[in-house]
Amino acid sequence: MPRIVITPDRCKGCELCVDACPQQILGMGRKINSKGYFYAEVVEQMRCIGCRLCCITCPDTAIEMRVNGTMYHYFSY
Amino acid sequence: MPRIVITPDRCKGCELCVDACPQQILGMGRKINSKGYFYAEVVEQMRCIGCRLCCITCPDTAIEMRVNGTMYHYFSY
Amino acid sequence: MAKKLMKGSEAIGEAAVQAGCRLFFGYPITPQNEIPEYMSLRLPQVGGCFVQAESEVAASNMLYGAAGTGERVMTSSSSPGISLMSEAASYLAGAELPVVIVNIVRAGPGLGGILPSQGDYFQATRGMGHGDFRLLVLAPWSVQEAADLVQDAFDLADFYRNPVMVLGDGLIGQMMEPVEFSSDRQPIKELQPKTWAATGCPGDRPTNIINSLFLDPEELERHNWKLKAKYDAMTRDEIRSASYAADDDYDVLIVAYGTVARVCSTAIDELRERGVRVAMVRPITLFPYPYQAIRDAALRASSVLVVELSTGQMIEDVRLALEGARPIHFHSRVGGMLVTPDEVIEKVECILAGGAAEVSHG
Amino acid sequence: MAKKLMKGSEAIGEAAVQAGCRLFFGYPITPQNEIPEYMSLRLPQVGGCFVQAESEVAASNMLYGAAGTGERVMTSSSSPGISLMSEAASYLAGAELPVVIVNIVRAGPGLGGILPSQGDYFQATRGMGHGDFRLLVLAPWSVQEAADLVQDAFDLADFYRNPVMVLGDGLIGQMMEPVEFSSDRQPIKELQPKTWAATGCPGDRPTNIINSLFLDPEELERHNWKLKAKYDAMTRDEIRSASYAADDDYDVLIVAYGTVARVCSTAIDELRERGVRVAMVRPITLFPYPYQAIRDAALRASSVLVVELSTGQMIEDVRLALEGARPIHFHSRVGGMLVTPDEVIEKVECILAGGAAEVSHG
Amino acid sequence: MAETVFSRPGALAPVITHYCPGCTHGIIHRLIAEVIDELGIRERTVGIAPVGCAVLAYNYFTVDFQEASHGRAPAVATGIKRARPDLIVFTYQGDGDLASIGMAEIVHCANRGEKVTVVFVNNAIYGMTGGQMAPTTMPGQIATTCPLGRDVEQAGHPIRIAELLSTLRTPSFVARAAVHTPLYAVNAKEMLRRAFRYQVAGTCFSMVEVLSTCPTNWGVPPVEANRWLAQNMMPFYPLGVFKTPDGADRAPTPGAGD
Amino acid sequence: MAETVFSRPGALAPVITHYCPGCTHGIIHRLIAEVIDELGIRERTVGIAPVGCAVLAYNYFTVDFQEASHGRAPAVATGIKRARPDLIVFTYQGDGDLASIGMAEIVHCANRGEKVTVVFVNNAIYGMTGGQMAPTTMPGQIATTCPLGRDVEQAGHPIRIAELLSTLRTPSFVARAAVHTPLYAVNAKEMLRRAFRYQVAGTCFSMVEVLSTCPTNWGVPPVEANRWLAQNMMPFYPLGVFKTPDGADRAPTPGAGD
Amino acid sequence: MQNDVIMAGFGGQGILLIGKMLAYAGMHEGKEVSWLPSYGPEMRGGTCNCTVVISDRPVGSPVIRSPRAVLAMNLPSLDKFERDVRPGGLLLVNSSLINRDPARTDLTVVKVPANEIANSLGNPRAANMVALGAYLGATGAVSIAEVEAVVRETFSAKPQLVDSNLLALHRGFEVGAAATGKAVASVAEEGS
Amino acid sequence: MQNDVIMAGFGGQGILLIGKMLAYAGMHEGKEVSWLPSYGPEMRGGTCNCTVVISDRPVGSPVIRSPRAVLAMNLPSLDKFERDVRPGGLLLVNSSLINRDPARTDLTVVKVPANEIANSLGNPRAANMVALGAYLGATGAVSIAEVEAVVRETFSAKPQLVDSNLLALHRGFEVGAAATGKAVASVAEEGS
């Protein structure tokens, strides 16, 4: 089961991950982080398919992905 | 009738004209000009076909060509 | 014309346009980007042409080419970009081309920082490029003066057929102040038609050649002395300086140029209010340098304070002016830090309290 | 090793190799082509590498990169090419990189000519690039001294982590003289391992960064004063000068450097033979400048004569040294013309006959 | 136990960059760092930062760095690599840096076949200095020094660096990629991987041009910037491998997308 | 009466050049002068001399001249043409000048589409400074800075400027010619004529690369130098028109002659 | 007589604009003026500030280390500049965005809920005008009439904005005028 | 004691080489020496020259405007340098290529038919060695034995050339030695 972890203080609120997620399960929160940005949040963790597109697109390595068990990827990366 | 005129003091003795003349009627003389070069001479003016190849190849505009009457050229230049 | 509130960079650009400059070649660099940006919009409006060059090297050589046609031309840059113009500066001086070069100095060396500095003084007054040549260097202390000096710069460049540098810093470039352009400005020098320009050779006149090469050393020697004679003429006729609070008596004479002199003027006002007798001479031309004015003013004081944004460059010229006649004190901030009026006040008080001079083997 | 008759250019190249220089980046320019040409043949023989750069701009930045790995590196050029290295010189100084730059000066400004000159004195000692920095400048007067100073230059560069310039002219570059390389030369300074070099970052040590950018002005200010402290240390420890015929009394003191000093030595010999009391101080380091040695020597004379191949550059340093203590006379040839012993003799005789000094408001 | 399958690579420093929100410089940094990690070359890599928005790149990688003067990174790289051929040397350069002031240096570095890797970030603008025209700025695109839009009559057309370098006879690896969507970023990483591998093997010079965004100076939000890139830049700057050292070149395509 | 059908063109000064015997710089000078005469533009032409053997070109033409610093002639030309679009501006540059130090300037001048004409004299060597390696020096060719012959592993392969400039999107006229035999010179003149005509018409940037000899630094007599050029340079530097402004380009041929 | 002020806030708050307006008005009033923006590395950080000097005599230093007044439009600005205000000087605080009290007690502190006032006027972007008004009210550095003229000119292309901006200016002015003289003005309540 | 000489001629005459040989020999003899070629624009003109200084003391100026001796291998060189020879100095003239008499009367003039002598020895390229020998004979600047050693070393790769060059050197030496002291030596006849 893939789990997405967004570090609020690394997020600059660019919304690229939101745009990238094929499951549309990321969204911008309403809280402001220490740098003054509204940061991204996982809205529906359960529907995450572990595609890593959000991780790959985040320019600020604000997103990590953790998995229990083995995980096969759609693309070599 | 084409006539080739070589100005001795402009000639640097490079022999390019000698090499270029299809009629092989140019040659290097045995006299030295004011710059210390052996200069080119027309050996057999009569056989000149007026092709202007010597003129065109001379890097030092040492060669002029004069003609009596009309003259048609093999190439536009 | 009425007064307008203008950014220094824009005032410099507008002044050039008003002075008849129709060509600008430049390359972006902070903190002077507003000059090329202004010119890119403004020059086409007056039938001129702005070219963003691929580099400062290219910009300065475009300047050379355009100046060689006799047109009024300008470039601007900031310290690292100015260094890249060194070779061209030498060529411009050697070929006697009138151009205006604006250097909005930033802190160095190397990439350094982008905040104000006066660290390019040596380069501007002496070493910008190889060989024996000089730039005429003008250092404004306000936006209005920047605008005025830029216009004068074009006249001086044309008159002497020599590159003229306007030396400012980020403050001059970035700040807004009221500026007025006179609508009927006359050239400050009597200018001759540029019959030397290479603009096509009609009929049989000898060709005009823009050139700094002289293979015959005797000819090159003559050329060098001819250039030297121009620098001597500048030294005779073009020296400019201003004094501040020097009508009254003073014990300490401050020497400072550019925006630093502004800061010093504030300090002087406060010190005068407290009864401290202090005045200032402000060089406006950095080459030719107002040695005599400074010497004369210094002899009225008991000591001299040089304030500059470098670890000690203009102070050498002050030493040359004084030749040991008065002790010289020094205050500076560098790296983009600015001198404050308080610091100057403190320094003056310390001098009057008997603080040791930096330079005093006179 | 035995004495060998070598061209100055080759001796400079060989000296660098002997000093452990394994990388040379350069671009052809007369009159120093023999240096890169020598290096292109010699360096591969000792496992080193010669790169003909696409320009002097590129060469100087290759120098920067290679120096940043801690290797000993050199470039050489002549005046216009040196101007193109101005930006890099400032970066090298800012990033504190030890490199050796040879300038075989030719006559300027601009393309000028290719014959000997000392017209780059200001550039070398003050204005080579933007910002507050200095090159340590060494000026040999013979081929042997050129070889020695080049080797010292590498040690000084490493010790101070600062670019060092060897300033010669076409005579030094082109003439052949006997040269001897000692087979067991020791560094003239105690050198530390170059732990600052960027050569890959093992484990967890902080990364090494070769850099001249300091966005924080307070940091940049500290950096500037740190550099200044190095220049002060050089001024304290590295000044070199030589005197000639100064053991006996003298009335006129000549100040000259480089090959011009050779010419003056011949003139002095002849003058001494005629009983004219004249001596010479020859600066070997141009920065730091031997102000004190010159002042001390000058105070023993009644007047001073500066001889140089420029319209008047080093004379400023002599003025700074003397601060008016003695009248200063000046003799020069420029544009590739050379000073002759006869001219110097004539000038000295004219001084002794009461000729007016160029500079004498002391 | 949960295994972390995606996180910051070791070659990337755990700091927050100064890049604007959504600026794809950050993605490119991470891709490079991942490749360095994967190839196990971190401890012998030296990076070269440009003058441009990436001027502080030396703070963002855990590898030794040199800061080059504007445009001269390829010369600096040459110096390093010639001095220490055992090091892995890469430059990171913007389009102003590489394609404008540094044109001579990049062409000659590539032509000498210096065994270094160049990452060329083409964002069609001068980011750091506040949005002036770059050699790669698109026709009609507004910038502060072409306030009415780039006029190709005055300023010429954008320069295609990958195509230009591909004409050189000296063997090299030249490719163009983009990072405006994650899948393009995956491809970009593959290009970077190949580029570094060629260097590790000592084969040749390698350059990857990466199309990138500058939301700030383009004046659009990041997501829109990505779309703008796809719509405007990609047709003119075709992606792909333009040259490989073994000669299996894809012929340069001048006129493609014109 | 005898009519003179071939003599020094009016745009060429009646002086004797400093070029070495048989150096083809002289031929190229004359061809340019003839074209200037034919187009009737002498009185509004400004030439730009390079730093190189042609440094004194300003003495050899009867047109106004500027002497540029090494490599920067295209920038000087830009300055002149922008200041005075009515003038006909040409540069005359060697391979060290144009292809080495001046690479950035020529690429950008061409890319901006400056309406100037560049005559690029490629003699595969630095003539004036005494025979150092040029970017165009042939593999294995001996020069004073590659005393064992150009090693392509260290110095890379020669650069083909015409091909390189042809990749630029901005319209231009780019051709390569040679003058080592009179008939090739005839063709070279035709290329120069076209190049100047495009400028006169205000159409575009134009460049003609002319393969040339340097008997002195190649160390062979002039006639042999011409043969060496044909045998060694021509296979690597194919002649022809590489680009025309109307798009009837001949595709660049990287790899041709490899 | 010299008035000088550092105005500071976020990038989008229109700080540089009101600084320029103030300088313009001063100039029109025949005063000597200078306006200096911060530039440099911090520019990108999202905060910005400018220094305006208005004087009867030629302006000396355009850089003011200890200004007679500071206008802090957000918290970072207050944090940065509070300590610099000249003793006895003026500190204007945008209480809409700043929820802490100034630490210094030797200043005239004026709290202006600039955003709230602007919102209440239906023009949320006019918070800067409120602040400018408050500065004018508190200092009288230039006459509000001159500033009004500048506002009209500035928005001449968008006439629909003139009124709300003028209104904002006046509401701010009232707050500033009312508050001056009091050690800590608590106009926040009044104003909103 | 200092000897200095300017040697001048056409590019191909081996002038720079004999200058270097002289300097080498001087160095081997323990003297201070310098050798300076002309460089610069005239280089291309086809003529070349060098200055050699041999001295007991460190060499001062390596540039000699008024040399103690001039060796003119062709007419342009005589034209150029005749006037520079120090009064009372030595002027060596290659009479094979120079058909005019020197104009100056205050010099020791030695005419050497260098090419003819060399031709007569079957090594036309050794004219430079004849001239060098003549200079040595006329001045004794360095011992001929040292020069011989240098010649051997120089031609060590082409031993077949050693003898004819040594012979040329000696024949020149004889001419120089015989002629010195006489105001205008007329050895041309003797020598050929």
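Going in written order, the chains are labelled A, B, C, D, E, F, G and H, and every chain counts its residues from 1.
Simple rule for what comes next: a residue touches a chain if its C-beta (ideal position, glycine included) is under 8 Å from a C-beta of that chain, and two chains touch if they have at least 3 such contacts.
Everything numeric in this text was worked out from a predicted model, so none of it was measured.
Fewest steps needed to get from chain C to chain F, stepping only to touching chains, is 1.
Taking each chain's centre as the mean of its CA atoms, A is the chain most distant from chain D.
Summarising the inter-chain contacts, the pair of chains with the most C-beta pairs in contact is C-D.
For chain E, the chain whose average C-alpha position is most distant is H. Centroid to centroid, with C-alpha atoms defining each point, chain E and chain G lie 44 Å apart. Annotation: 40 Å between the Cα-based centres of chain D and chain E.
The geometric centre of chain F is 64 Å away from that of chain G, both derived from CA atoms. Chain A and chain F have Cα centroids separated by 58 Å. Residues of chain D found to touch two or more other chains are 30, 51, 54-55, 57, 80, 87, 91, 95, 110-111, 113, 115, 211-213, 215-217, 336.
The set of chain G residues touching two or more other chains comprises 40-41. Within chain F, contacts with two or more other chains are made by residues 20, 55, 67, 69, 100-101, 103-104, 107-108, 112, 135, 154-155. Within the complex formed with chain E, the residues of chain F that make contact are 100-104, 107-108, 111-113, 135, 152-160, 163-164, 166-170, 247, 249, 251-252, 254-255, 258. Interface of chain D with chain E (complex): residues 22-23, 25, 49, 51, 53-55, 57-59, 61-69, 71, 73, 87-88, 91, 95, 198-203, 207-213, 215.
Chain contact summary for the complex, chain A toward chain E: residues 2-3, 9-10, 12-16, 18-20, 35, 37, 50, 52-61, 63-68, 71, 75-77. Here chain C touches chain G in the complex through residues 3, 5, 30-31, 113-115, 142-143, 170-171, 174-178, 259, 262-263, 265-267, 269, 336, 338, 340-342, going by the rule given at the top.
Of all residues in chain E, those touching chain C in their complex are 51, 55, 67, 69-71, 96, 100-101, 103, 126, 128-130, 132-133, 135, 144-147, 154-155.
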